[in-house]
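What follows is a single structure, written as structure tokens, with notes after it.
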Amino acid sequence: MTTPHAPSADDIRAVSPALARYTSENLTADVWARPGLAVRDRCLVTVAALIARSQTMIQRHCIENALDHGVTPAELSEIVTHLAFYTGWGSAMAAVAPLKAVFEERGVGNAALPPASPALLPLDEAAEARRAAAVEANLGEVAPGVVKYTTELLFNDLWLRPGLVPRDRSLTTISALAATGQVAQITFHLNRAMDNGLSKEEASEVFTHLAFYVGWPAVMSALPVVKEVFAARG
Amino acid sequence: MTTPHAPSADDIRAVSPALARYTSENLTADVWARPGLAVRDRCLVTVAALIARSQTMIQRHCIENALDHGVTPAELSEIVTHLAFYTGWGSAMAAVAPLKAVFEERGVGNAALPPASPALLPLDEAAEARRAAAVEANLGEVAPGVVKYTTELLFNDLWLRPGLVPRDRSLTTISALAATGQVAQITFHLNRAMDNGLSKEEASEVFTHLAFYVGWPAVMSALPVVKEVFAARG
Amino acid sequence: MTTPHAPSADDIRAVSPALARYTSENLTADVWARPGLAVRDRCLVTVAALIARSQTMIQRHCIENALDHGVTPAELSEIVTHLAFYTGWGSAMAAVAPLKAVFEERGVGNAALPPASPALLPLDEAAEARRAAAVEANLGEVAPGVVKYTTELLFNDLWLRPGLVPRDRSLTTISALAATGQVAQITFHLNRAMDNGLSKEEASEVFTHLAFYVGWPAVMSALPVVKEVFAARG
């Protein structure tokens, strides 16, 4: 397995002094320091966006940065697992090498990782029944396999794993949706994120942060949906 | 040329015991074994999705798996060529190294590959005339170059190459469309796939399989289109 | 930093004689030679599409090709910087290694690159006031951070950097939008490109060229927007 390293400041400067300046003065010193979203949360958002896009080049650096700012190995382990379902197995597999390299470097062993089959968080059975009924009515005949796994693997298993709290699982999900241009799914997941405790100010700041990591157009396409969600919640 | 290897089960376990479990118990032992879509077809779908996304990390493993389950070297050769047009030259070029490595490993020589210019399958001239007229009317003034190459290279050449039967070419195409979020093109190509012999049950199962390889949101965005196609075909 | 090389013609032939033929006879000898868009512009479009998609495999080759056809090191430096904002930091970071490798190979030093903070081009204050007011009215409450950086970093800084003329900056942007499926943003940026001097014939040819580098479906999804822009401009 290869584990590419991020370009250094000197590497960046060798191709673009301007990009080096934007990186240090604007992205690192300004955006990352903005109030409204904790640095730890910015790490979750960034790692999720990079894994979602299979951008392995700077994953290792961002994983190290996440560990330095309070994201635990257990949480990183859950994020990769979560994104296997939300951005595809290939992107999760591509993240294994960088994450394994950092875990080895820092002596993170299996005892620090969530077990394969932990005791799950309690299920909100009424909300889940409503969700399952809506999806079954809409897609039950078209794709019974998708409906079955959505219930069994996603909402009755993955989302109930305790290694990543629901609010952070939502943060991971909406970052991945923005990163992959899946704007239509943002309505459901941003509402869920806010139900799970993400404030409006934090949500707004997530998209400000993401503008730099997934590019302006992807965020500009997502913001009308964010606006609708904010308006509907009052 | 580099040819990365997929992470092993131990590598996966070292970052996420849960992901290792989902991979072996749910993806490999359950999803891949579902009736409704042959393992050979699942290999086509998976390879197409990974090439479409330039996810080289596990391409080599999936190519080996495809050869082990009845996909021929000639078909893999055609899939890469087909995806050059449907997902861009860059993704095809990224697939050359993994495919070449496997071909060398298994002693697949040029004699096993389709020639550059084979005798083509017969063209359905009436259907092609309708397609060409519709595209010309819609886009002839906007992008005459696109219209010209769509006719000459795609529908009068690529699609008529005998090394991959039309039904499998369609399977490759719809997998790539789901993988790249090109939902608007699924209507035409899913209809074509079903005209080319893909059953409704197989089509449904393709999207169930893809949920794991392109992620839930990409499939959830595609399914409303699939539902419409199924409904329109009765 | 790793700098993968593009597959050679022999590598391509070893997996697909057909793909080798399409590459040499159709893409290189035909598409690249079409009138309507200069080879230099085709280089800008291709490099932008590959960086936008983090397709590092053939970036090095395309960067060399760009330098051979009149794109300057300074322009390439600006393109990478521009795309950090338009396709995300990760894709710019992935382009650093290939670009640095080519610059070293050709002895391109920092003196040939645009300074971090050059004297900027004059701002069209009336147009910028209209743009800023429209974005503020639409998104000011939802994402004040995005609105602030859009004004400060993008339209009052990045777009005014003299190292890449506005018309070429627009060409870079619309190529990146097509490459990443951000169709909704094409209306604004294609109009801007044409305001900045891109002719209708050139714009049409950009999308013909892109069909090969971002795939047919991505271009087919973009062309209805292109058609609307052309129609609205008369």
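General remarks:
Just so it is clear, A, B and C label the chains in written order, and each chain counts residues from 1 on its own.
Convention: contacts are C-beta pairs under 8 Å (C-beta built on N, C-alpha and C of every residue); 3 or more make two chains touch, one makes a residue touch a chain.
None of these values were measured; they are calculated from a predicted model.
Chain-to-chain contact here is organised exhaustively, every possible pair of chains being in touch. For the two copies, subunit A and subunit C, the CA superposition rotation is 120 degrees, given to the nearest 5. One simple way to say how far apart two chains are is to compare their mean CA positions; for subunit A and subunit B this gives 27 Å. For subunit A, residues touching at least two other chains, in rising order: 2, 54, 181. Those residues of subunit A whose C-beta lies close enough to touch subunit C in the complex are 2, 4-7, 11-23, 26-27, 31, 34, 36, 49-50, 53-55, 57-58, 179, 181, 204-205, 207-208, 211-221, 223, 226-227, 230. Residues 1-2, 54, 76-78, 80-81, 83-97, 99-100, 103-104, 110, 113-117, 138-139, 141-146, 149-150, 153-154, 161, 163, 176-177, 180-182, 184-185 of subunit B are the ones touching subunit C in the complex.
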